[in-house]
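The same chain A turns up in both complexes below, where it pairs with chain B and then with chain C.
Right after this comes the complex of A and B.
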């Protein structure tokens, strides 16, 4: 189990005609269960945070034990507040945040956490290497150990050969890598990354995604906030979706999509005999409607667009149908199972964050 | 990019465990190094120091601390000239019109040779200023007290020292908050109270360098009375520097605009409150520092009555106790507050 919202969120009453977030809680992800004797790596217990009259976080309960978790939501949803709280930079007004049982505000908890902030401010007069080395020294390492760790993390983020230039001359991507390097210095169990892919070119992005995956493979827990949903989808399909200070949904994207009963799944199917297949599909209890669309450019036959509830069950039954009737399916494409589409359903609008 | 070597290198080894004390010491050094570059307020302070040193040098060069060389009033002669003018030969010369003086003789200065007793007594009385001005001890004492009053108490303690300390102490956190780079320190595994203390210890040498360096420069520019003031007042100046540095470090940790708050404090609180009669001045730091200097001058045998604002000075024991308590208390308060404050400058 990687992520769990222990208590479902309560639907929020709102203004007429205005969408309010609701909690969609997917069943726990399969995987090795944590040792019962060990406290969770990151645990939010009924956490609320007020900034004056503004409620930034509302009764958040969340547990992370490993793997990669994406944190998505619109601007002002409370993502940064949640990340800073997990990193011990701010305290909850109510509730408790712990890292392996240690209060996140306690300095000892920071030994377990590596934080890559969104802020792009450095000691600009230092070189990248000197900056990372200073951060290592401030972790309490000896000069020799700091040098060794600095070299290791710079190699790790692909900056070993470019780290001797002044930070003020770095590109956005290089600065992101240096931020990541300093977060990795003390080999933390939990990595909190706030917009780590921002400003990175496609090749660099792919390298960083591979790095994140390798870190997760080593058993590290990564909590990544990002607006780059496509990149996040490549990295993990396990997400925490935040809206207006609440956790709107937790789980894998298909799991969350499966629970969105109000929004039927749309699937495009290219098949040899579309009208016969449409008749068959309409017999399935999950199928609400089937549209026969005219052929797309460069296509010869018509296309089916199916609206169905309970996506997982629909997929199973459609599979049986294909085998039973020997259907020749040329293309099968869910149209609204992407993170964008799910966010759109959950948050309203286009789902853009 | 990902290397297996790097994976293994990051694994902690028992012999190389991180030490929080080492991190604290590194932060002290890092904080010191971050102040290496003189910033805007530093240049303002240096400019102010240059102005003060220039002014003191000019006054010293003109023998301005010496009573004999000072003018009694505008458009009159110096005290020395006035004293000479009151001697019998000059009075008789003025009365007979043999000699012209800047100031016409007053009625009681006009000699009366027809009443020898009265004239003898008058000549005796009017010769006292001249006799006094012949005493080098008196002239030096007067120079020292004049220098103490105007240069040390008013200019140095009144705004130079607070500005020197403000320019560096408030920047310990202020610079990091302004550049939004405080996050890098706040994410290190160091107790927050330790971060506060380390920043203070890293900044203090700069405050001492500027304030005490300025004190020495002003003292040397003041000639013999300035150098004697250095020898008598340096413990009080040192204590004042640490006390103000503690205060402005706290201001820097709490306020987003520490320089503005500090300037308001220096020019409105310290300048006004310390000069008020009654017990309100007990809230002013400079009052205790001035008391220390006052007592030091009194112990050295100087006529401290020449420092009119300090007639209600507290004893040295009280002043030391208060200043030490303030230094320790402000730092403890700062450590306590800092360990509870949230900084959202990175957002």
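Right after this comes the complex of A and C.
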């Protein structure tokens, strides 16, 4: 089990506007059952947070036990508040946040958490190395150990050769790496990363994605908030989607997509004899409609755009159909299964975050 | 701290992380380093050093003149002058190794100290709040009070470097200028008094710096409030005492209250304190205690409700 929305999918109504969001709760990810009754790594229990009259988080219940989880949502959805609360930076107005059973507000809980904030307000007079070293000392390491760890994490994030320059001379990408280095210092079980890919060049981004994947492979739990959906999709398909202070959906992208009954899946199929195939498809119970579209540029035959409910079942049935009738499929492309499309359906509008 | 070796690719560290109190010391150390990188600070330290050297050499000069002039009068530009008149202008400072010497020294250092602390407050604490660097500190295994303690330690070191330590040097010097065995033995209570005075200053001013820096955050408002506290209120207190003939008005002057507390630590005779009249030592202690309590209550409130919202 990786992430769980512990409260059953309670409708999240009451928002103004045309869209009425609802919590989409995917079944838990398959995986080995926990070996012990150890408390979950991160647990939000009925957490609400008010900033004066503004409700930033509304009855959030969430559990993280491992792997990489993306946290997505529009600006102001409550992502940063959730991350700060997980790190004990702010207290919930109601409810409880715990790290392995210890209240996140307690400083002991932060031994298990590494936090990379979205702000990069450093002491600009310090060098990158000095800054990370100071953070190591705050973690409670001796001078010698702090020096060793500093060197190790700087190498890990690719900053070892540039760490002696003053922070004021760093580019945005270098600052991101230094922030990441200080979060990795104490080898935390849970890494909370707020917009870690912002301002990183494509090569650096790939390096960081590989770093995140290697950390996850070592058993770390990563909670990553990002607006960079393409990058996030490369990293994980497991997401928590937030909207207006509530969790709109939790699960893998295909699971969430499967539960969006109101928005049938669109699939483009390039096949020989499209009209005969369209007739076959219309006999499938999951297929709602089949459009025969004119051929694309540089193509000769028409293409099919199929609207189907329950994508997983549709894929299975379509597979049987292909085998049974020996169909020659040239192209099979889901049109709205990406994170962008799912967000669009869940949050309204284009799904832009 | 499992799997250190797998993550950081070196042999696993077998030590136990030191507690948050040690982290507070590390925080204080880096805070001081940040301060001493500023040229303005060095200018202020130089000014404080000038005050110290003035007391140091003047104390030496007074004793030297008294010892060197055998006669009561000397001829100065042909005019006979009483030897004591040569050092009369220094009498007000009581440069004779008594309790007033150290009280006066710390009083005059206060002018520099107030500016240093206003600057230190905005640099060390205000900037963390204003620029949002607090999440870095508070994401580490330390509590809010540990963070404040670390910053207070840095401020405390500054206070003591400017007041207590040089006052102790003056005490040592005074012993060497007179019969040192008698002086040190008879005036050990003065050394303890200096330490007590330093302790009162450290506790009160560091808590005050914390509270005002958390409240105001930026240098200019902070400097203005401190100038109000340590320049405007003393003037106002003087006028009110003159107008109402009630010495208790001096209690609105925090620096004067600290001075009275310090002099009570130095076991000074109340009647000899200038400017007269002065409120009782007890009242000064209560006023200082109130300031500390109010500041701590404010800090506690802010810590309970601390919201790090960008």
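Heads up, the rule we're going with is that the second predicted complex is superposed on the first by the 344 of 353 C-alpha atoms of A that agree within 3 Å, B and C clash if a C-alpha of one lies under 4 Å from a C-alpha of the other, contacts with A are read in each partner's own complex, and residues count from 1 in each chain.
Rule of thumb we're sticking to: contacts are C-beta pairs under 8 Å (C-beta built on N, C-alpha and C of every residue); 3 or more make two chains touch, one makes a residue touch a chain.
All figures in this text were calculated on a predicted structure; none of them were measured in a lab.
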Superposed partners chain B and chain C on chain A - clash or fit: clash
First, second, both or neither for A:157, with chain B first and chain C second: first
Touching partner for A:293 - first (chain B), second (chain C), both, neither: neither
Touched partner set for A:219, first chain B, second chain C, both or neither: second
Which of chain B and chain C A:276 touches, first, second, both or neither: neither
Which superposed partner A:316 touches (first chain B, second chain C, both, neither): neither
First, second, both or neither for A:210, with chain B first and chain C second: first
Partner chain(s) touched by A:115 [first = chain B, second = chain C, both, neither]: both
First, second, both or neither for A:145, with chain B first and chain C second: both
Which superposed partner A:328 touches (first chain B, second chain C, both, neither): neither
Where chain C runs into chain B (options 62-70, 134-142 or 170-178): 134-142
Chain B and chain C contact sites that coincide on chain A, given as residue numbers: 80, 84, 87, 89-90, 107-108, 110-111, 113, 115, 117-119, 121-123, 134-135, 137-142, 145, 148-149, 152-153, 155-156, 182, 184, 186-187, 218
Parts of chain A lying in touch with chain B, wherever the complex brings them together: 80, 84, 87, 89-91, 107-108, 110-111, 113, 115, 117-119, 121-123, 134-135, 137-142, 144-145, 148-149, 151-153, 155-158, 182, 184-187, 207, 210-211, 214, 218
Parts of chain B lying in touch with chain A, wherever the complex brings them together: 1-3, 5-7, 9-12, 16, 18-23, 26-27, 30, 34, 179-181, 183-192, 194, 342-344, 346-347
Residue numbers on chain A that touch chain C, as the complex places them: 51, 80, 84, 87-90, 106-108, 110-111, 113-115, 117-119, 121-123, 125-126, 134-135, 137-142, 145, 148-149, 152-153, 155-156, 182-184, 186-187, 215, 218-220
Residues of chain C that touch chain A when the two form their complex: 1-4, 6-10, 13, 15, 17-20, 22-23, 26-27, 30, 34, 37, 127, 131-133, 135-143, 146, 306-310
